[in-house]
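The structures come next, written out as structure tokens.
After this come two complexes, each holding subunit A, first together with subunit B and then together with subunit C.
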Partner chain A sequence: MESFRQEGRWSLLAVVCLAVTVRCAVTAMFPSLQQQLDQQVEFSTPMTSYKSLREGLFLLRHGLPVYSGGVVHQPPLLLSVFSRVPNCCHRYLYAVADGVVACQLMLVSRALFSRTPGQRRVPTWVVGLLFALNPLALLSCVSQSTVSLTNVALSSCVYCAVVLRNTWLSGVALAFASYLNVYNAVLAIPLFNAFNGARREVCLFTSVFALCLALLLLLSGSQGNGGAFDGSFLQATYGAMIRFESVAPNLGLWWYFFIEMFQEFIPFFKGVFNVFHVGVTPAIAWRFRGQPLYSFVISLLWLTLTKPYPTLGDTALCFAYLPLFAPLFGYLKYPLFSTLLFLHGVMLSPIFYHLWIDLGSGNSNFFYAVSLVYALALGSIIADFVWAMLRMEYDGGSPNYKRRLTQI
Partner chain B sequence: MALSCFLRSVSGTNIDVNEYDLVNSAMQDDADDVIVTGSCKTNFTAQSTTEAVASPSATRNVEENTVADAHTVEDVQFQDFVEETMLVLDELKYPYQEDLRLKPLPGNHLLSSFSFDMKSESFTPGKTDLDIDQYSHYTVFPKPFKPLLERTATRQLHLRFTRGFWDAESWDTLPYDGFKSGGSGVELWAIIESDSQENAYRQWKSLANSLSGLFCASINFIDSTKTTYPVYAFHPAASEELPLFDQDKQLYLIRAALANEPVCTENLTPLIKLLPTKGKSGLSSYLDGHKVFDSIWHSLSIDIETQCDDLYGECRYSMEAMVDMVINVPNTIERVENPIPKPVEADKLRCDQTKHFDAFVCFPSSDNAETDFLFSKIFGKSIRGCDNFASSPSRVCANITDDWSFTLKVGDDYLGLDSNCFELNEGVEYDINLSSANTSSVTVLDEVPLYVSRSLTGYGQDHGGLRTVFHNPRSQPVRAIYFETLPWFMRVYLSTLQVDNTHSNGSPNVTVEDIMQSMHYVPAIDRSRPTHLEYIIEIPAFTSFAVSYQYDKTLLQFAEYPPDANHGFEIESAVITVVSPTDYQIRTATLLLSLSTPDFSMPYNVIIITSTVMGLIFGMIFNLLVKRVVTVEEADKVLAERTIKAKLLRLKQKILSRIGIAT
Partner chain C sequence: MGLFETLQRKAVKLGLLPKLLAALPLLSALTAVVSVVMILIIPMNGQYRNTYISENALMPSQAYSYFRETEWNILRGYRTEIEVLNSRGVSASDRYDIVAGWLNEFGAKTAVYRNEEMGDTLYGVLHAPRGDGTEAMVLCAPWNNSEGEFNIGGSALAIALSRYFSRWPVWSKNIIVVFSDNPSVALRSWVEAYHTSLDLTGGSIEAAVILDYPSNNDYFNYTEIHFEGLNGELPNLDLVNVAVHITQHEGMKVSLHGLPRSELEKNNYWSRLKLLFLGMKDSTLAGMKKAHGNEVFSGWRIQAVTLKARGEGQIDITTFGRIPEAMFRSINNLLEKFHQSFFFYFLLSPNNFVSISSYLPSAVLLSITFAIAAVDATVNNAYASALHITYTLLAALASVISLLVSFLVAHWFLYSTTSPLYLILGSVVLAVSPLVMSRSNNALREPVCYRMRTLGYIYYSLILTSLLMLNFPLAFSIGLFGYPMTLVKPLNIYSKSQMSLKLRNSVLLVISNPFVATWLICTVVENSEFPNLDVFAALFSAWKDLNCWTWFVLCLGWLPTWLLVTFSSFTSIPAAETTIEKKSN
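What follows is the complex of A and B.
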């Protein structure tokens, strides 16, 4: 057991180092890659792009109002943290952030498998390596989209809740995640499952989360104007996201729908899409209340699918958790179909975007079609994993792949 | 109208007939007729009779400039006469002045600048026309403006209609140092008195809507997405005092521009109608829409200012209307002479001597060195002098070198003066003749203090760059205010602002900090505010560099695209005001921004397909979440119970058991 720990420690260190080094190396070898990726709609959105972060820093540095325009959507504390780091060092910050995620993933994986011995498992180092070398995660990190930072907060949240079982820390981590992207607050519901229904813990978690988030918002509001609360950032960061103000093409379902929607119905459908985005999470959390990590990951996948501004960076984090559900793999009905669908979407999207935007030989429908394929791919992955979990629950721990089951 | 025509005819008589009292009294009779008919035409006939008598006395069979002295002597005599005998009539002259300035430009171009100045009657601020004790009377000042200015509390109004290309590299400085011409399209700025910016904007919007109706232009398309509040640029000179009628209020400078708005006769006609002569007499009779807009570059401008006398507490509006145009003389004449283009006849064909030519091959020489033309040929009309009600006579001046001759044609006589400036004070038909043996010899004005050009960079339809090249050709550093407004769908990243002078030879390296002294930046808000960027820039001597920054293009909603979305979106020109060493204003060309477009035929398809995909995914997952997991055999059993047949069977059994028949 001790040697296993020892071995695990070395492999953990190696994978984290590899993750950080690969990211630094890619940035150093292709200096223009960052800008190139920052323009790619798959990796950066108006809400998360590094360009708008830089613009926020510029405005902050020159004493201009940061949130009066429609360009900066990053929350104030993030800007003030970045303003204290020289521009040339930002890339290392992102690389370290991804390293932390890799490390936490491996720790979560080890804790999970040590709790359920005898199950089919993927080696810890493989879990880490799959994230470290996942091209989506890698490129998202190189593009320096702030999604990477949200990912750290989310992964810390999982780590604290599942491995450390620390109510306080997971509440704080989720507060940070929600501070960066307000929709992440919904993930509190699947996290309740981590406390095995202990009412006291749930209350504590909720209050720590709420207090911490309130504190962050207060701090951001009173920052830089002598203690008086200035709520202008709320509109620019969260309001703009919820109201889907800057319509930019991305892999999500929202953008083309709202471009083509008739003016009068736009507010109504924005409401519908928001409900669609957050409304399914409680159902998932309730149905899989015995599986805290699983319900969390499936909720995260759902959020990624229905986000107003999704990126491949979000997807990369969700996919990083999938190897942890190795016992479910045998139950998947159509993994090949989902994989191919996903690859099809991811590979065609830059091509079709190029055809539409740069060459003009395709039109917006090309990219729209790919975004639908991508959505279907994520949808089929979610559905397949949900089915697999239902199937495993039915089997109660002793897999019987031959049993023919259905639902009524 | 009747009143002004009466005055016109009386004073016309007064000017023309200095010695002939008999005629004078006869003219008075004629003038009485004029009051009845109220038409300028009658007036002409009356005056031409006068002219018939008067012209022999003046002996104006002029060859070149020899008659100048006689003319001035006559003017002096006439002045004396007016002071002695016609004092009452002299007071009835109105503050109106019109000028025409001509300047040949290189390449056989000709700049004609018409300017019309007028002042309103004085009025007491704070009293509107509705006040019972307010007496208002419109004379030469156009009637539509006063109520408009009062309603919107506008203290200064500047309106520009400009189209065309001013070739600064060969034509040098713009007329009036560029302060009277706008960017391509329509430009409007005003100083409005109001208690808050919101109210000022409301007044501004009302002003724009009214002007839109007045000038038949789309000025009503000015809204908050085009309106800016300039901070450095467009401010009136410090020497100008702006009146504040209500001391609790403030003055707001508001500006907007409509890029590449077509400027056409429908804008010129209302402008001419604002003049007291209405295009029927005086210099404005030259202005014909077909000819003005046939030019390479043309600019119509209107500036209204409020001037107050603190001593008496009275104010008056003064208005300057200008029409400037650059025409290519040979082309214009060619078009008049040969409406259907024909090949040049062999004996008139001049070949380019620098290239090979023989009996069969001839490259036509591009420029005529000689020219001789009458303006009536270019403008299609001649001047009908009939604005004698004005306090100063119409003037026609030419800014020419000795190679040119500038003469005034009165009847069949040609007049010339050393000063190249004529005062038209007779009610006859005038025409202008300009001739030269060497058209390339033109008066040299100051070189343009600064060249600025702006362009869009990048190729994709999702992002790009804006690059402004400054070039200072002079030996002194130039200080200028750069003003730029960009629409909200260009998401500007000012953090990418950089100065690049690697491509200019020999220029010293400059950094952003060196050249930009203060900056005012208001970022855009989607659908409600444009980007507004102003900075003061100092360009060292003999230096050129480019200032560039990046922007992202956003997508618009389906209904926000114009009908010709693939044509692109007009970006208004940047305004550069040079403040030292000289005062000068330049505008860059407008830009055409192409945005990516959605498929406009897709709304129903997109709504249906997206909803289907969402419904499909949601349905799949919802089904999985709520349904019970059972084996296939169990499911079959349960389903078998649910069929109608099974239900009927169950019902039958129930009924049978009720009535006691056991099965």
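What follows is the complex of A and C.
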């Protein structure tokens, strides 16, 4: 047992080192890659791009109003943390962030599989390796989009809730995740499941989360203001995201609707899209209340699918959790279909964007069509995994892959 | 949902799914055949359309063209002067200074772009009397044309035309007249410099017309129009239509893709099919073949066509000059960039075309052929049900390695002087090596073979899908010529009739090797242009000089899959046997 632990520790260290080294090496070998990726709509959006972060840092360092220009959408504390690190060292920060995610993933997978012995499992190091070498995670990290930092916060939240079972810490981590992207606050609902319905714990979690988030917001508002609260950042960060102010093409489902729609209907449909985005999470959390991590990951996938500003970095984190559900793989009905769909969506989207923007021989419909393929792929993955879990529940937790069932 | 449910239950009852899975190899072959048949159907009556001008503003030949006899004398004058320049052996830089002097006489601002390596380019800008100077049209005459002939008529025509244009007050777009040493690298470097570093510019270039008249004869017979760009790009169909319409309106015959005079009047199934294939060939080989001049404008949102005067006949040179005149009048009318009409099309005759919706499905089917082959390699063997994560990871590792190897091969042959002969020899040796390998050398486990094939086919299918909008002809060709890869059968040490299977595999692998196939095909269809192994030199220079990435498509798209399939064709050991061996140890 001890030797197993020891072995696990070494493989854990190796995978984390590999993740960090590969990221640093890619950045060092291709110095212009960061800028190229930062211009790719698949990896960076107005809300998360490194270019706008740099702009914010410049304004901050020169004592200019950061949010009045409408370019910077990153929250103030993130800017002030980054402003204390020299620009040339940011890349290492991102690499370390991904290393932390890989480490937490492996710890989560070990804890999870040790709790359910006898089930089909994926080796811990494979789980870590799949994230460390996932090209999407790798490129997203190299692009230095702030999605990587949101991913750390979310992954820490899962780690604290599943492995440490620490209500306090998971509340704090989720507060950070919500501070970076306000929509992550709804992930509190599937996290309630992690406390096995203990009302005290849920109350504690909610209050820690709310207090911490409020504290973060207060700190942000009173920064560099001599203590007086200045709420202008709320509008530039969360307001701009919720109201979808920068209508730019991305992999999501939102932008095309709002460039096509008549002006009068836009506010109403922005509300509808927001409700659509957050409204499904409670349902998922309630239906799968017995499976805390599963309900969390499915909610995360849903949020990634319906985000106003999605990137492939978000998807990379969701996919990193899927190997943890190895017992469900046998129930999947069309994994090859989903894989092919996803691969085609990811491959074709930069090409169709190039045809539209660079060559001018395509148009926006091309790119939107591919982003629909991508959305369909995510949708089919969600549907397939939901089916698999329902089958697992039907079989009462002990998989019987041979039994054939059809949906009604 | 009721109907769907009934169908599903019926399908389950009849056991359709297992039957379908068993028929996958057949299905894969079927999609490939259907794909080719769909291309053969296109030239049939009712499948194609007549061309039409989609953008109303263009109005080709609606205004009277005045470039006639009065200008002929001026044209002859310039031509005599150029002949004198040429016979006196004036150096290239002096030549351009003298021509720049002529252009300055009627108010063009001129500059010479010097490029030691690629060749010099002289260009002059005529500012638009009625425009804001943000848009431009290019009139271009390479000093020597694609065959290396002295483009004397074209140069004289370009100068005479710009003099004639300078007297007109109708222009709303700047006119840039360009003279370059050759229509390929020199012109390409100028286009690149125009968009990056030049001081004298005339705004964004909307369209370019390249004149090619390599004789000092006043009369010619018919006009060739060349339009296919690099990397599968095509100019907007409206511009090609305008060129064809005007040429025919002026009473000339139009030849596309270099058809000879005797075949211009034909319009039947076979002539249309021929033109379709010529179009696919020219588009696939664009950049590798000698550039006419329109290719080099690719990638900058510039619609370009080359007009080439051919033969000896009754039509005089001013008639040829009226084509660019009327084209410029049409383009001058545009209020927006070219956006109507089609960017993806094939011309089946000067007045017939098919748009992308007719021919795209056949390339999609080819991609599906490989996707089905991938499913077949996953499902139809003993290792389908189990997860086999180690084997899958091993196969993934093999894919990454083959991709790396392909990357290295691509760069090694591009930048070293190693003869491409080794490329072909190496491929053939690799393909026939299973024939001579002894049984004891086998180290491959069977599941790894199947996983490698799955990954290889999926990769190829992805490559085909991503290419099919960018460069349909290339996607279709590599899909078709790579098809034999799906017929390669894996074999283990217990397979019957090993030798004949191995022989079959080796033959299939040799003919579907990217380099062997490219060499064979180019030797067959373009022997005059690519004798011996010249096709590889052409591929390298197309990338280095013109940024045409066909070489990388072959190396990074085709080669990795071929390597994976080749390795999977080595005789393998079934997975069960290895476990037995372990136990006995």
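To be clear about the criterion, the second predicted complex is superposed on the first by the 405 of 408 C-alpha atoms of A that agree within 3 Å, B and C clash if a C-alpha of one lies under 4 Å from a C-alpha of the other, contacts with A are read in each partner's own complex, and residues count from 1 in each chain.
The working rule: a contact is a pair of C-beta atoms (placed from the backbone, for glycine too) under 8 Å apart; a residue touches a chain by one contact, two chains touch by 3 or more.
Predicted, not measured: the structure shown is a model, and the values here were computed from it.
Aligning the shared subunit A places subunit B and subunit C next to each other free of steric conflict.
Of the two partner chains placed by superposition, A:V163 touches none, neither subunit B nor subunit C. Contact with subunit C, but none with subunit B, is seen for A:M347 once the two complexes are overlaid on the shared chain.
Set against each other, subunit B and subunit C differ in how many residues of subunit A they touch, and the higher count belongs to B. Within the superposed three-chain model, A:R287 lies in touch with subunit B and out of touch with subunit C [touch as defined at top].
Using CA centres, the angle subtended at subunit A by subunit B and subunit C is 60 degrees, rounded to a multiple of 10. Of the two partner chains placed by the overlay, neither subunit B nor subunit C lies in contact with A:V182. Of the two partner chains placed by the overlay, only subunit B lies in contact with A:E55; subunit C stays clear of it. Of the two partner chains, neither subunit B nor subunit C is touched by A:V278.
In the overlay built on the shared chain, the residue A:F329 is in contact with subunit C alone; subunit B does not reach it. Across the superposed structures, the minimum distance from subunit B to subunit C, using CA atoms, reads 5 Å.
Where the contact sets of subunit A with subunit B and with subunit C meet, they give residues 358, 360, 404, 406, 408.
Touching subunit B in their complex are the following residues of subunit A: 39, 41, 46, 51-52, 54-55, 57-59, 62, 64, 68-71, 245-249, 253, 255-263, 266, 276, 280, 283-284, 287, 302, 305-306, 356-358, 360, 363-365, 368, 372, 375-376, 379, 382-383, 386-387, 390-391, 393-394, 403-408. Across the interface of their complex, subunit C is touched by residues 120, 122-123, 126, 329, 336, 340, 343-344, 347-348, 351-352, 355, 358-362, 366, 404, 406, 408 of subunit A.
Touching subunit A in their complex are the following residues of subunit C: 5, 8-9, 12, 233-234, 299, 301, 337, 339, 343-344, 371, 375, 378, 387, 389, 393, 458, 461-462, 465-466, 469-470.
Those residues of subunit B that touch subunit A in the shared complex are 459-463, 488, 491-496, 519, 521-526, 531, 550, 552, 554-559, 596-599, 602-603, 606-607, 609-610, 613-614, 616-618, 620-625, 627-632, 635, 638-639.
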